[in-house]
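Okay, structure first, notes after.
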Amino acid sequence: MSVLPFLDVALALLVVGLAVWTIAARDLFASVVGYVAYGLLLALVWVRLYAPDVALTEAAVGSGVTGVLLITAGKRLGAARAGEAGPSPGLALKLFAGALALLVAGALVAIILILPDPAPSLAPQAAAAADGPGAGLGNPITAVLISYRSFDTMLEKVVLILAVLGVWSVGADKAWGAAPAPLGRRNPYGATVFLAQMLAPVGAVIGVHIFWVGADAPGGAFQGGALLAAMWMIAMMARITEPPRVDARWLRLALVAGPAVFLIAGLAGPLMAGSFFAFPHAFAKPIILFIEAFMLLSIAVALPALVAGPPNGRSE
Amino acid sequence: MMPPDPTTPGGALLVLAILLPCAGIILSFVLGGRNAERVALGLTPFGFALACAIAFHVASAGKPIVYALGGLAPPLGIALRADGVSAVMLVAAAVILTAAGFYARAKFATPEGGPESRSALTFWIMLQAIWAALTIIFVGGDLFNLYVALELLTFAAVPLVCIDGRPETLAAALRYLLFALFGSISYLLGVALFYGAYGTLDIPLLAQRVQSTPIVWLAAALMTGGLLAKTALFPLHLWLPPAHANAPAAASAVLSGLVVKGSFFLTLRLWFYVLPALSAAGAANILGALALAAIITGSVLALRQARLKLLIAYSTVAQIGYLFLVFPLATGAHVWSGIGWSAGVMQILAHAFAKAAMFLSAGLLAEALGHDQIARFAGAARALPMTFLTLGLGGLSLMGLPPSGGFSAKWLMLQASVASGQWVWTLPVLAGGLLAAGYVYRILTPALSEGDIMLKAPPKRSREAIALGLALIALALGFAPQGFFDLLEIGRPLAAGTLQ
Amino acid sequence: MSPWVLAGLVGAALVGLGLYGLILHPHPLRKLLAFNLIGSGVFLVFGIVARRGAAAGFSFDPIPQAMVITGIVVAFAASALAVALILRLHAESGRVTLDPEAWTKPDDGAAKS
Amino acid sequence: MSHLSSTLLVASLAAPLALLAACFVKNWRPRALALQWLAPAPGLAAGLLGLTAAPASFDLPGLGFTLRLDPPGALLLAAASLLWIVVTAAVWRERAPDERFGLSWLLTMAGSLGVFIAGDLVSFYLVYALVSIPAYGLFAFSDDAEKKRAGAIYMAFAILGEALLLLAFAALAAGEPHGSSRIADMMAALPASPWRDAILALIVAGFGMKMGLIPFNGWMPLNYAAAPIPAAAVLSGAGVKAGVIGLIRFLPLGVPLQGWGEALAALGFLTAIYGVLLGLTQQNPKTILAYSSISQMGVIAAALGMALGAGDISASGDVAFYAANHLLVKAALFLTIGALAMRGAPLGGWTLALAATLALSLAGLPFTGGALAKLASKAQFVSGWAASLATLSSIGTALLMTHFVARLDAPPPDAARECPSALVRFWPAVALGAILLPWLFFPAFGYVSKALEIAKIWEGLWPVLLGVGLALGLRRLGWTAPRVPAGDSIVLFEGAFTRLLALGPGFETLDARLRQWPAAGVSLLLIVLALLAAGVLG
Amino acid sequence: MIPLVDLFSLCAIGAGVFFFFAGTVGLLRFPDSLTRLHALAKADNLGLGLVALGLLPRADSALAAFKLIVIWALVLLSGASTAQLIGRALRRGRK
């Protein structure tokens, strides 16, 4: 009798409990904090599902960067009066909506329990392709992301560009071109500065490491990029560095580097390997790492840009 | 082990058609300023040519053209697939986006050497993003890939809604975004279930494998619900009127004419391409009932709006209802299904062109008059004859009067309803036409009556011509030859026994 | 009970909770949190699908896992866009309500005839 | 079909459309509009040529449209073309109306000529819409409240009629087994169609609206009162005949349908009598003519109803002749209002006599075109009750027309201004033409000599005399009819419409509720669950 | 006989778990935020340190062992900084 099932159940209860807290908390800020904790614990669930890559992504993006984003927003909105968003719905509506949500969740549970057995899987095909289009990458997730379903990944990078532009576009007209508002307070606390000075270099190294091993072990451009992004954000919070101006050419180049290189590589596919988004088997791994390197850069720049928000014309 | 590469001749065009606007986005973003506009407009002829080339290939091959990305066949790889409907939609989108782009030059121009402006950069990039997203939606063959495309579409559309930065547009954009996210997450859950059940997300492969099991039905219900939220089918239209009515005219035209069609198109794909083997009469009737409610409510609300753009936006709510009549009228492998199918596609096209033309005209009108209060239009038709001609012609198609695409669509819908014995669907078709006549009348009558009107600035003739051109296309659709309807049948799963 | 069933239950619970919050919370940021809860619930469904698909020497099916990674990034981008809109709306108007009536200008009103 | 006639047939539709196309160029527009009086010329030629030719079809290559000319259509085409030429030339000779009016005129003209030659369902619907909808522009653009009201009501009926016909046509098309869209093929398939009764009901209701059959008669008096005299002339003359040709084309006359025939005949006679009675209550000569039109259209419907009951396909020619006569006479009568108003009171003896002769032509006064029309329609009214009712309607028409002539000295205020002066000068020619031209056309349909038999003359004369006598007698007695507002039953429609409008705020409330976020969210879940249930349980 | 290394691991991890437990009790039972913070910081730093120490001998490689130390160091760093920041925020809130 292993102790693991009990841990699993405890973890599940904790995760659901924090989710309930996130929904039920009266205070906006408390709800946000609950969500961040929830995200961290969820990463553990992913570990238990044999999904370390997802766990890393969830911890870094789903909980970490999203956490900063939401906490910042919650802090700015928290000062505002309650009830400004409109009245809370009545009890009857609450009961009705709750019943419907319960029904949907119930249906989902029922369906999950009758998922076909044996489960259909593309794992055999992915395994078979590992030495072909998979380029001998030890991490099948990376092979899926950069080779088999590279098209999804490239589009997702385009989505990130659009999101950045969308966030910027929310700013004021006259502020265009300027930098977003600083992430930290005018006189950062010593502890913040200390943390940034200590953590950022180490974190950056770890980020690059995670990216580098991603070809064969859990990790990759997403996770590494998210870590780099986090380090940059810490540095910005400590005012060691400031958010860049949105019209900075280097920033724009960095943002598009990933998708641009991806797109060019995809377009070159017919010349290299006879098909768009195909890579010649002999050079597949270096090409993939090359693409990933630029994606790392783009992610590392895009996530902080998304958190920093639209350009801000006012000087603090 | 590996299935053979299903790529067909001409398939490479599909990749190019997607990558072209993607490259445009990247270039515009890096070069910035006036270059964004140059890139966006400079690429339009190429995009249009690619769309036409795809249509030509599909028509001449008589079967869908396919491209397996990376040379890797589904289920492991992603395939792109263009059939007759995709081809037609690609061309329509190319025309409308090009028109919207050239129309918008007046508003979103960056002066030579001038500083980059927020709204201009956003507009030109998002316009290309919509192009890219729609292209993927029209030719995508993988349900998850289509999810990414849907998100691309939403991310491109939302900033356009609030591009002028007023609080009410921000609220409209936020409502749009949140509800669209609600929709996309619902869609994504359905995708997960499909993968869990069949281990593939490729549309033709799924079509071969699906059976009428609870998993499939839940997946289909979730995906449909999500897509309906993004399409704003009544009663999920909460976000549409303010979003479409407050965006700049060129954006409204694209949002109303094309963007809602993107998610609708995926609904079509789901039911007619993924699930053709299922007997979906019950679901089709639910969608038909919602369509009926949409047509009546949307039209009545349009009839009661004081502002022209809100009127046109509510008309979109009604016209979206018409789109969904395709489900009861084309589901199954009946003789009449082909008629219903043609009707549905014709309705997409007719509404796309007519509505785009009307929104562009409404924009010109608002700029010229400084307002879009219908009650204050007296004498406007004399001052702006071409603009009102466009509104009238667009209205003609919405009302379903001949000759117009709207007429053809209604005509085919009525035939399919009668032939299938579902007389109940003639009610919304006819009532919607009458109510549309009512709201078009409401626009035109005050404008045509006598009155003195002061124009702030007369609209540019070229912009009026663009809007008129779109309206004329909506009209010309009424003359579509048989070959056009044959094209729509290419690749339709249940067309004349293609599915065993 | 195998771990994936447990994860499935958690996923379904998250979806249900998120739906409840997304529908009923008036504050857009709370809606956004709820959306993210649904999102992670949906990702968990992908996760159990991947886990159940363990085969050919893999302890998971890599395709759904890769989709989750893509999905997480997209969901974050969506959250960022929504937060930017919420903050801007708040800064511009001091309100964050989504109630359509609250944003109706007097001249938007229906024609009273 | 001969080369010449097919060319003319195409040209009858192409000529107005070409002018329309020319209007898109701003510089050409005034010229094109001024030249439009020439546009019906090919139609006139085609019509005259087709009067005696065998029915023939011509498929327009490429577009899938079919044009068809048969004697009934040809007669109406010729008469309508003639009317359009005369009135258009007169209107533009004096001073060009504004472009809005000019374009509406041209569009209506194209539709009005097109309905007589359209051979397939879709093109018929198209030209039918053309003759109905742009006509709005001929009278309703105005600040005058009454004209606006007339316009709105006209439009409502036009669109409603279009909707009913659209459904009928779609059902026809769906029931045609070979995918043909020709009207003739549709009609061949109709009697066996499972939806026959529904289609017939829609056809009668749809075209009945155009013809002003009760209870859809209310728009016509408002319309003609609001329209300027030339517009009223072409609308009452040519426009309304679109409904007549519609019934001729879309009733399966070759197959006896007893029940439908009797119902239509009853509706027609009822309308005929009703029109006379209500017309007597009116004071405005234009309105009186409108009620006379309602009554005459009732007679036509009755004739078609009898033919439908008997399965008599030859009735189409007779009815077309009756309609053509009405086309010419009614248009001339409208012009008479204007012409005499310009001449001013008091009306001279011969003027009055000519006007009276013209008016009584409608009642079948011997030696007028009306006598021939009556002769033509006689063939349908053979049975006892139908013959009696037909005679009764003749008496009524004579009564009503006498009332009209009596009211000519009180024309509506704008009548003199509205009427082109050329028509005033040529009025006697126009009136004589309307009285006599049918004699030229009649040989294509029957024997003129029949109309000159003494018995027939007497048969035609006594109801007229009786009607006129009654009218004069009542006048002498000082009897005045009760006043009924123009449009009579329309007030009820308006009331119903107002109540319908009152539903609007309800919809607004509903919409406002549903657009609340929680409502939309709940709706989404409900839809998902409903679809799930439909799938799993269904 | 348990190998000495395992005994060491057991003791160290056991002690670590005790500190975590104590920290959690403190978090739940202490009267105000500053004292709770105090309890938490101790638990994190010492508890995790002892756990990491216990795991050290069991690491597969020197790199893995190094990683363990780095993890502890990073948590130490962030824990201390965060506690400092929270404490400052609390003091500001009291004023």
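Residue numbering begins at 1 within each chain, and the chains themselves are lettered A, B, C, D and E in the order written.
FYI, a residue touches a chain if its C-beta (ideal position, glycine included) is under 8 Å from a C-beta of that chain, and two chains touch if they have at least 3 such contacts.
Everything numeric in this text was worked out from a predicted model, so none of it was measured.
Shortest hop count from chain B to chain C along touching chains?
Graph distance in the chain contact network comes out at 1.
Could you tell me which chains are in contact with chain A and with chain B alike?
Joint contacts, listed by label: C, D.
Following contacts chain by chain, what is the lowest number of steps it takes to reach chain E starting at chain D?
2
Report back the single chain whose CA centre is most distant from the CA centre of chain B.
Chain E.
Work out the mean Cα position per chain and let me know which chain is farthest from chain D.
Between chain D and the rest, the longest centre separation is with E.
Using only alpha carbons, which chain's centroid is the nearest to the whole structure's centroid?
Answer for the innermost chain: B.
Where are there more C-beta contacts: C-D or A-C?
Comparing C-D with A-C, the pair joined by more C-beta contacts is A-C.
Please compute the C-alpha centroid of chain B, do the same for chain D, then give the distance between them in whole Å.
41
Let me have the rounded angstrom distance from the C-alpha centre of chain B over to the C-alpha centre of chain E, please.
57
Just curious, how far off is chain E from chain C if you go by their C-alpha centres, in Å?
Distance between chain centres, rounded to whole Å: 34 Å.
Could you please state the distance in Å, as a whole number, between where the Cα atoms of chain A are centred and where those of chain E are centred?
Centres of chain A and chain E (C-alpha means) sit 27 Å apart.
Give the residues of chain D that touch two or more other chains, as numbers and ranges in rising order.
Expected reply: 504, 508, 515-518, 521-522, 525, 528-529, 532.
If a residue has to touch 2 or more other chains to count, which residues of chain E qualify?
Where chain E is concerned, no single residue meets two or more other chains.
Taking each residue of chain A in turn, which ones touch at least two of the other chains?
Only 89, 93, 97, 100-101, 104, 107-108, 112, 115, 119-122, 124, 126, 128, 148-149, 152, 156, 159, 162-163, 166, 170-171 qualify.
Name the touching chain pairs, would you?
A-B, A-C, A-D, A-E, B-C, B-D, C-D
Under the stated contact criterion, what part of chain A meets chain E in this complex?
That would be residues 189-192, 194-195, 198-199, 202 of chain A.
If we count contacts the way the header does, which residues on chain D are in touch with chain B in the complex?
Spelled out, the residues of chain D in touch with chain B are 62-64, 100, 122, 125-126, 129, 133, 137, 140-143, 148, 151-152, 155, 159-160, 162-164, 166-167, 169-171, 173-175, 195, 503-504, 507-508, 510-511, 514-517, 519-521, 523-525, 527-532, 534-538.
Would you mind writing out the residues of chain B in touch with chain D in their complex?
Within the complex, chain B touches chain D at residues 175, 179, 182-183, 186, 212, 214, 216-218, 220-222, 224-225, 228-229, 234-238, 241, 278-283, 285-286, 290, 297, 300-301, 303-304, 336, 381-382, 399-403, 410-411, 414-419, 426, 430, 433-434, 437, 441, 445, 448-450, 479, 481-482.
In their shared complex, at which residues does chain C touch chain B?
So the residues of chain C touching chain B come out as 15, 22, 28, 31-32, 35, 38-39, 42, 45-46, 48-49, 52-53, 61, 63-64, 67, 70-71, 74, 77-78, 81-82, 85-86, 88-89, 92-93, 95, 97-98, 100, 102-103, 105, 107-111.
Along chain A, where are the residues that touch chain D in the complex?
The touching residues are 89, 93, 96-97, 100-101, 103-104, 107.
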